[in-house]
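As structure tokens, here come the structures.
Both of the next two complexes hold chain A, though its partner changes from chain B to chain C.
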Partner chain A sequence: MAERAQSGWSTVVRWLDAPWLKPFAMLALMIVLWDVAIWLFNVPPYLIPRPWDVVKAFGTDGPLLLRESIPTTVATLGGFLLSALFGIPIAMLIAGSRTVESYFYPLLVFSQSIPKVAIAPLFVVWFGFGLAPKVITAFLLGFFPVVVAGVQGFKALDTDMRDLARSMKCSRWQMFTMVSLPNALPAIFSGLKVSVTLAVVGAVVGEFVGSNSGIGFVLQRSIGNFELPTMFAALVLLALIGVVLFWIVDIIERFALPWHTSRRHEFVATT
Partner chain B sequence: MTRPNLRLIETPEVPAARVPAHAGEPAIGIKALTKTYRTRDGDVPTLRPIDLDIADGEFVAVVGPSGCGKSTLLKLIAGLIEPTSGSIEVGGKEVVEPPDDVGIVFQSPVLLAWRSVLANIMMPVEVRKLDYASHLERAKALIKTARLDGFENKYPWQLSGGMQQRAAICRALVHDPKIVLMDEPFGALDALTRERMNLELQRIHFETKKTIVLITHSIPESVFLADRVVVMSDRPGTIEAIYDVPLPRPRSLEVMGTPVFAELAKQVRSHFYAEGGID
Partner chain C sequence: MDRRTFVIATGAGLVAAPALIRSAHSADKVQLLLNWYLYGEHAPFFYGKKLGLFEKEGIDLQIVEGRGSGVSLQAVGAKSAHFGHVDMSAVVRAGIRGAPVVSTGVLLQKNPAAAMSFTEKNIRTANDLKGKTVATTPGDALSQVWPAFLKKANLRDSDVRLVQGDAQTKLNAVISGQADVLLGFSHDQSMKLKDATGKSVYPIMFSDYGLNAVATGIVAHRDTLSGSPDLVRRFMRAATLSAEAAEKNASAAADAMLEADSKAGKKETLTEGFEISTKLYRVTADQRPFHTNANAVKETVDLLVEYGGVDPSAKEKLASFFTTDFLPGKATN
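And now, the complex of A and B:
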């Protein structure tokens, strides 16, 4: 009997050891600590809500939150797609031409030092309270990582491979489609993953400074009304949007680059 | 440590050197070729004037100390860099851009990680827009010869180092070039794999009669494979000596045990000791 109980226990342990379970276990632990800390230090609910109140806020404000998450997601995706659309060709130009690099790259780095949050109100002045300013701030935040990763990817082509392509007399276009671009894709994808999470931040910043819809708007309004459970629920939802978008990019990468080093464990090695 | 015997043996005690068939135009003609790299720290003379004619179907191995400009010579023939002075002709035509009739094998396999083995081998065909179907047959035959069958659809990293290099050789041969240039192709392989690759390359040369220029660090490899062994001097490199290898073809590994082989290897090796390059 004792042996059987032990084997049952080891099954549970093995199950608990599953990789997908670990972040959830960690999350559960943190929520428990959160609750315990509030009880222990007697934190008033207008400073930090209890976890259960946040869950209840999901119940009462759920439909509102879901509805408001749509404009935020749209703005994030818009900004992210623009980042990819402009970031990749610009990275290509910078990596491909020393002239472009010397003229533009330092300026690009310089422009990144300007806090986007500070200039976001400017876009509201220019484009009003609609979708446009949100998309632009999301784009401005998401754009730079794509360019940096892309430049690195396009430049990381070894001399032998360049010589090989030249010896076959690859045209510029062939060189790009057959060699440079696939070679740069792993780096580009890691840039896109950073970009998509930053685009969420950008969209929310856009909503902060001037919008009447979106999670950012809900966040600001609930802080103003001291509805902390709603605000925390909005934060959780925002994080979920980020995770899901990241996950989607990861899946696309998985299909686009089945050959890449990071996927190699999924193949059976041959000798 | 006693220093090895530095005495140069004047006349090899081997049968009369086989004169390569210099019928008509040489496959590769090199005249007074020099190369000086211009760098920020000044000019780096890499090749002193080199004259060398390589006959059609001939197998020439180039040996020399590290940094003597062997690879530079190969890149010049391949049209990847421009000579400082002098000229190179491939198939009777001055080399100004990479010639069509040349296949190259580098020290590393340089296979594209995102292409399957077959797609890698077919890449020159795609780039040059040659007839796909007929070359596919050829690629499959090459894959069979290189004992890569069953691995056509694998990615390069799923293959061992020797298999990757064999795939690279198939790629160099797929468009049926007259000339194959090889830059230390087996340098990264272990000794046993290297020996097997040497045998295969020997057989490929025997069967296809291609003109092959092989850059190598290995003296036994050069003697085993080549019709002529070109010994280069330290940088700035030039041709120090040329040895004919009169061993009959096809050659097997047993040839390495013969006195003729040993004598030739010894003579080639003596150049390096005379320069103190291996101390």
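And now, the complex of A and C:
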């Protein structure tokens, strides 16, 4: 009997220690702290809503929020894919040629200091109120981390490894596909993970500036109407979109880089 | 000292004493948070400050630009600013959600909301809007009265195509031709369009279609009203006198604004914008600036309840949204 109770207790402990449960536990703790802070400092609801009111907003405005999350996700994915599509080749060029690096890299860094929210209204002027300005804003925010991480990854190739490949008379293509790219992939994926979360921000900035739909549109309208619970619900949904997209990139990374040091512990044989 | 001299000296002392006592104390530092970036309507506050009208009331006024009526109202509600200059619709929307912010005087008794376009487009009546593209900002004061305007003008939602964006995008959309019309204030956005393009702008005033809602005015926190009623009274007196003085000299009022901030705009359009705003100050000839009445506020609340999605309980709380207790009496000059 005691053995059974002990085994039941250890199952509960194992469950509580499960990695997937930890972020939820942290989230629950933060929600409790949020509620306590509102109660403690007597923060009025027109400044910050209570967590329960946000939950209720999900109930009343849930269908609307889900519907509006689709255009935001589409714009995010569009911007992210463009970031990967242009960011990785540009990183290769910068890492592979000192001339390209000296001409373009400083300008690229310079361009990142320009606040996107300041130039986003111009995208609406140039490209209209459709999907394009949102995708471009998402791309501009997501592009830089991919390039920086890619350059770092491509440049971090060990000279011994390069010499070995050359001694084996690898062609340029073989050198790229079998040595340089696999070596750069971990850094590229780090950049992609940062990029996808920034692309969410970019898409919302685009929607804030000019859009008839999307989470940015909902945010702007609910701020004007003092519908703070709806606004916070939209923010939570936005964060969830970011988390899910990050997680998807993480899964792709697991499949692409099963050999990498960061993944090795998952494959350590259990003895 | 003979008796006559003594009496005169004592009398003069009694008259001068309050002023001397006030000047002995430092002036109250007061922050006025505007509803938006500077435009013509704000000129009286700068002019009053320049003329020393606030100083005379023992107020050291600091005027701060805002980022929308809603945000300014929240700041006043959080006591980050003493007074705000915000739209009445924001007062009602926030008030119904418990914000302890009260209007102490409405400056614009008539609504400045308009659907405006370049005059060359020949869009002069609500009927001309049919089939046109209209730029709006979701959640702003204008988008909240837009459904009421459509109804009053016998138009349907499907009669126009809406494109939505932030305040700058609205202007850009009309300037670049992506939208025919934008919803804005007749004394603000129309001046900005004129500044940017040099073209004249024609506003279709919502008020011409029976949309009578009061607009911007001064707000304060409930605690300020109860804790410092004298300060509120002095502020409202200075603000009223400032508006009256500015009305008499629009050009000087615009100059005062430009002296305070050279980037406030062009003098001609600031003056014109201010002059347009003064036409919205009163519904009766003897009405002093900021003096609104219960009926006008009631009409505004009714409109917001009927078309703006405001909770019907707002109609029962009318008195909680505004007060005229702190306004100066009838003008004596």
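As a convention for this text, the second predicted complex is superposed on the first by the 253 of 271 C-alpha atoms of A that agree within 3 Å, B and C clash if a C-alpha of one lies under 4 Å from a C-alpha of the other, contacts with A are read in each partner's own complex, and residues count from 1 in each chain.
Assume a residue touches a chain if its C-beta (ideal position, glycine included) is under 8 Å from a C-beta of that chain, and two chains touch if they have at least 3 such contacts.
Bear in mind the structure is a predicted one, so any value in this text is a computation, not a measurement.
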Three-chain arrangement built on chain A, chain B and chain C clash or fit: fit
In the overlay of the two complexes, what angle sits at the CA centre of chain A between those of chain B and chain C, given in steps of 10 degrees? 150
Identify the partner contact of A:W259: answer first if only chain B is touched, second if only chain C is, both if each is, neither if none is. first
First (chain B), second (chain C), both or neither: which does A:R166 touch? first
Using the touch definition from the top, say if A:Q174 reaches chain B (first), chain C (second), both or neither. first
Applying the document's definition of touch, where does A:P182 land relative to chain B and chain C: first, second, both, or neither? first
Please indicate which partner A:A84 is in contact with in the superposed arrangement: first for chain B, second for chain C, both, or neither. neither
Rounded to a whole Å, what is the shortest Cα gap between chain B and chain C in the overlaid structures? 49
Once the two structures are fitted together, what part of chain A is touched by chain B and by chain C alike? none
Could you list, by residue number, the parts of chain A that touch chain C in their complex? 44-47, 121-122, 124-125, 128-129, 208-212, 217, 220-226
Under the touch definition given earlier, write down the residues of chain B that touch chain A in their complex. 75, 78-80, 97-98, 100, 102, 104, 106-108, 110, 112-114, 123-124, 126-128, 151, 154-155, 157-160
Touch list for chain C against partner chain A, complex: 68, 70, 74, 77-78, 90, 93-94, 97-100, 137-140, 143-144, 162-166, 168-169, 172-173, 176, 178, 309
The residues of chain A that touch chain B in their complex are 158, 160-161, 163-170, 174, 178-179, 182-183, 185, 257, 259-261, 264, 267, 269-271
